[in-house]
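Just below sit the structures, each encoded as structure tokens.
After this come two complexes, each holding chain A, first together with chain B and then together with chain C.
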Partner chain A sequence: MKQFPVLIVLLPLFSALIIPLLPKKKRFLFGFVSVMFGLLFILSILSYLNVINDGSFRYVFGNYLAMVGIEFLIDPLIALLVLFVSGLSFLIIIYSFSDIQHELKEHQYAYYYCLIMLLMFSMLGMLYTNDIFNTYVFMEILSIVSTAIISIKHKRSNFLASFRYLMLSSIGSLTILMGLAFLYMVTGQLNMDSMSLVISNVWTLYPTNLVLAIGFILIGLAIKSAMFPLHIWLPDAHSSAPSPSSAFLSSLVVKIYIVVLIKVIYRIFGIEIIASLRIDDFILIMASLGMIFGSIFAIGQKDIKRLLAYSSVAQIGYIFLGIGLLTPLGLAAGLFHIFSHALMKSALFLSAGSIIFSTNKRKLIDLDGIGFKMPITMITFSIAALGMIGIPGISGFMSKIYLGLALIADKHPIFLSLILLSSFLNAIYYMPILISSFLKEDVLVKNTLQKDPLPLTMIIPMVIITLSVLLIGLYPQIIMDVIELALPYYF
Partner chain B sequence: MIEALLKHTNYLGAIALFIIGLYTVLTHNNVLKKVIGINIMETSVFLFFVSIGMIQFGRAPIIKLNETDIIYVNPLPSALILTGIVVAVSITAYSISLIIQLYREFGTLDLDKMLENKEEQE
Partner chain C sequence: MNDLIVKLISRLLIPFIQLYGIYIILHGHLSFGGGFSGGALVGSSLMLYAIIFGLKESEKKLPHSVSQFIESFGVLAYIIIGFIGMILVGSFLSNKSAGFSLGEFGTLFSAGMIPLLTLAIGIKVASTMITLLQRLLKEDSHD
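The block that comes next holds the complex of A and B.
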């Protein structure tokens, strides 16, 4: 049972090695990939149940001391995140089998799934690891692979977007490495727990080093997770990528960097040091600016995927707002929004991808009457969009409630009004899409209810994601219980 | 203050290189120069990381059992930076391959001109 985390990390790595060796037929490739993802999902369910029943545990590689070797720390939150990542990516992968036939050439399928497997490997490794340099190595793999799944579509806008993403994310990684160097100067350790032990003893002696370290690491992770003024790579990258890649990038990859930031802030430094260095004010201000300006930029967009990408900037602001409060309630709200935003945004990107798949239309003005041509797709889109606005019964509402309660408990009512403002702005850019798709009529075709012109492999993942958005909206305790179980590891 | 800085010229050099690299990446329009800027930044971080493991008059960490009072330099930063160099090489290789594709598509290496022709399809 203790070996599950290692198996979960190694399984995608070995599948990435095997995929190029498979026979060059679609059936073999798709069968192999879905079997591997199914296996990954089952393993992560077993590992999750194991952690929930027996409590968290550490896995040390090669029987070295944790100080010398590499260590995995598996707490309930990490186990839940791993389960979530593998489950959601399983659904996106099933969707992608039909969608990539529209977006890529046939000889590229094997490359694409090879990259996706490496993406899974680096994301899961980054979640599990308790060693800061190991995190950096996984981060570099992730940043190369996530640019590669954009540039795999051979179009000029894709090359341009992935080049800009690569430059900014390399600046981010180098900034993080510089921060790690400052941190290593103070601690002489790379294990997160030993680091936090040393820092809590000596932080008054080396305040300059620690300010520089947290500043460099925060800026680096802010570039990678698109905190507001550093989000400029995100709209191009997420909107030009193939739709499954957009769903991966927007709902999972960005969140993994946020989890790393949570680990750095709460586990390595600890909230007292962060509060006394006044890092939390910086995060709160940038988060609230992101919430407002992300939505304002989204209002002006004409392309549906660019609109969704800008909306991600605003929603990431909510997550950072929760994290920046430095209270258990705030962290729980931020973590809950990680889950709910990942589900809603993948539903939005997959349904937008289905619209592009069947009609080749990306412009918002072309969407008149699309709700009658593709009812299931547009119902998925509407539920997720209403969740983003914050209609009760959908998971986005619950994350806003938790965030609001955390803000009131921490006496920051000004941010509460910003959340309300941001929700209104969300309504301003999501409602026109819903209105034009269900209430307006196309010039050429009359509104008659049709069946979605989509293969079942695209409809089923969207429906499952929508149902889970509703499920978490109605029973948020499913996730909140686990988060509350995991909070003591972060304070 | 100045004495402390003179004692640690390696820090000054690393920070200067970091800023030169960052300036190159952010201000030059030529995509190849951006990649060179990234490489300068990488070098600065490597210099900084390796030099914090340095101990004055320390020896290479090859342990001799019968001599006890030798000071060794810290080998861990150098080992970590080996990994960093591998990562840096792969980023450079990937970005240069992207630049080749960009040049094929646009016929220029100027990022501003590329952004102007972004929407145009052939």
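The block that comes next holds the complex of A and C.
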């Protein structure tokens, strides 16, 4: 069926429009949202199976020529990413039904889910589209919706964080638009394939234009995906948002911008041009600085969600390191880490959210003995944290292995030592949490094993995400096979 | 705002602003402007009314719930028009091939479904502007 991509993109938009018209009852709203997300998940499974069986295909809107109109390109990687985004967001949404009642007022639920639906719409559209200006439009929707999601809690810190995010992401959007204008000057096209065709023919004539274009686009996307020196909006924004939205923003939204960067670097420009303009050195240096400094900043944090947000900065450095190598192995490692980091970070944010939900404690020093009060939550947290450090058997280890192999094959052993250093730094800030939660004792109560004081709708998504972290850690081929199938589209 | 001159002049102006906005929306496929600019004109006339006669009077003419409903309806109409092409020919937003009559070039009733789409966009933009203003005024009076 050729229509799946359109249905997948339009379904969240449709539900975002229906939600304000629904009767103002919790049951209707939650039922509608979960049915729509279930439908989205089923559609993306069908679309994925279709692409894996019949190969990739293009979808043109309104029977216009692809050069004039808007085109969707669905390759195996994009289909897998769509399946991943819809599946993970389905789990986070189920979690959010309980958590949101703790964090928001009742009249805000409808607005919240309306925003989440618009977020899904723009993310899925940005993944599918093969038209660079269409990407920009979805990007604007995504950054405005993320700002609204951050500021939905009426607190001072949320307003400050969302204002900062709004300013920086507007600068990012304008920078990207400027870069696109420079690209359009050279190519006169907006379709990615036509652009890459023109650029490969004429790039020696317009080197300055192309350097400016890739520079502007790279800086804009680096602001939006929190590459190291431009990450300053991320810790405030991700730590002050409600926990399900932190999971959304940290594990999915940031990754979508990275996928756009991959499309720009590998599909529009091509690796030869990027290498001869020496853009890759810039990416590698910034990525390795991010890996080290993100972890160092995280060590100093006292709030659990801020710690996780700084850890995201370091992990995004890994992804950029893989992308910046400009080799098939490097790209595969970076893409694999997109999946594994999204799973681990959402497990971490959801378990931190459950701790805040049941005990209202956010400070790291208050976590003594929490492993006995909330065993399932803390086991989830521990598995994901150990994965971040790189313990074998968990998906984080496999992405480090792939990244290391890619670095050795590309003769960059110095970055390998930086990965090791960053792993030790990860251990320095994750291990104290695990030690204090399982080995120390609270001052007031003795350590006796209890059942988690959480509703089932919060426990089940966390357990499923943890199991899939372990599954991907033990059988990385599930994702690697699809990535290898998709690599020819990017080289 | 309690000023006789402002009230009289705005009463005189609002119909013309709305007429001009509707003209721009309907001629979206023929001349400059279209759904967004025409919708912004119609919306600005509604906003002018709300600013001059106050939130209560404006809610009498167009209640908040109704404008919210129209807002969703605008985009839904766009999606439904797009689905017609998808069901008939198999491509979202198909125009001529889905059987929309293109008409004679340059006349008002031409270009297939594009006038319908601009109309949907115009409705959406006009109602969004008045919904935003009503919401801002309400926030001001409540907390």
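As a convention for this text, the second predicted complex is superposed on the first by the 491 of 491 C-alpha atoms of A that agree within 3 Å, B and C clash if a C-alpha of one lies under 4 Å from a C-alpha of the other, contacts with A are read in each partner's own complex, and residues count from 1 in each chain.
By our rule, a residue touches a chain if its C-beta (ideal position, glycine included) is under 8 Å from a C-beta of that chain, and two chains touch if they have at least 3 such contacts.
Only a predicted model underlies this, so the values are computations on that prediction, with no experimental measurement involved.
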Chain C versus chain B, contacts on chain A by residue: B
Which superposed partner A:I232 touches (first chain B, second chain C, both, neither): neither
Chain B versus chain C as contact partner of A:S162, first or second or both or neither: first
Which superposed partner A:L10 touches (first chain B, second chain C, both, neither): second
First, second, both or neither for A:A181, with chain B first and chain C second: first
Chain B versus chain C as contact partner of A:F61, first or second or both or neither: second
Which superposed partner A:F133 touches (first chain B, second chain C, both, neither): first
Touching partner for A:A148 - first (chain B), second (chain C), both, neither: first
Chain B versus chain C as contact partner of A:K2, first or second or both or neither: second
Residues of chain A at both interfaces, chain B in one complex, chain C in the other: none
In the complex, chain C residues that touch chain A: 68-69, 71-72, 75-76, 79, 82, 85-86, 89-95, 97
Touching residues on chain B, where the partner in the complex is chain A: 18, 22, 25, 31, 34-35, 38, 41-42, 45, 48-49, 52, 74, 76-77, 80, 83-84, 87, 90-91, 94-95, 98-99, 101-102, 105-106, 114-115, 117-120
Residues of chain A defined as touching chain B within the complex: 133, 137, 140, 144, 147-148, 151, 154, 156-157, 159-160, 162-163, 166-167, 170-171, 173-174, 177-178, 180-181, 184-185, 188, 190
List of chain A residues in touch with chain C within their complex: 2-3, 6, 10, 13-14, 17-18, 20-21, 59-63
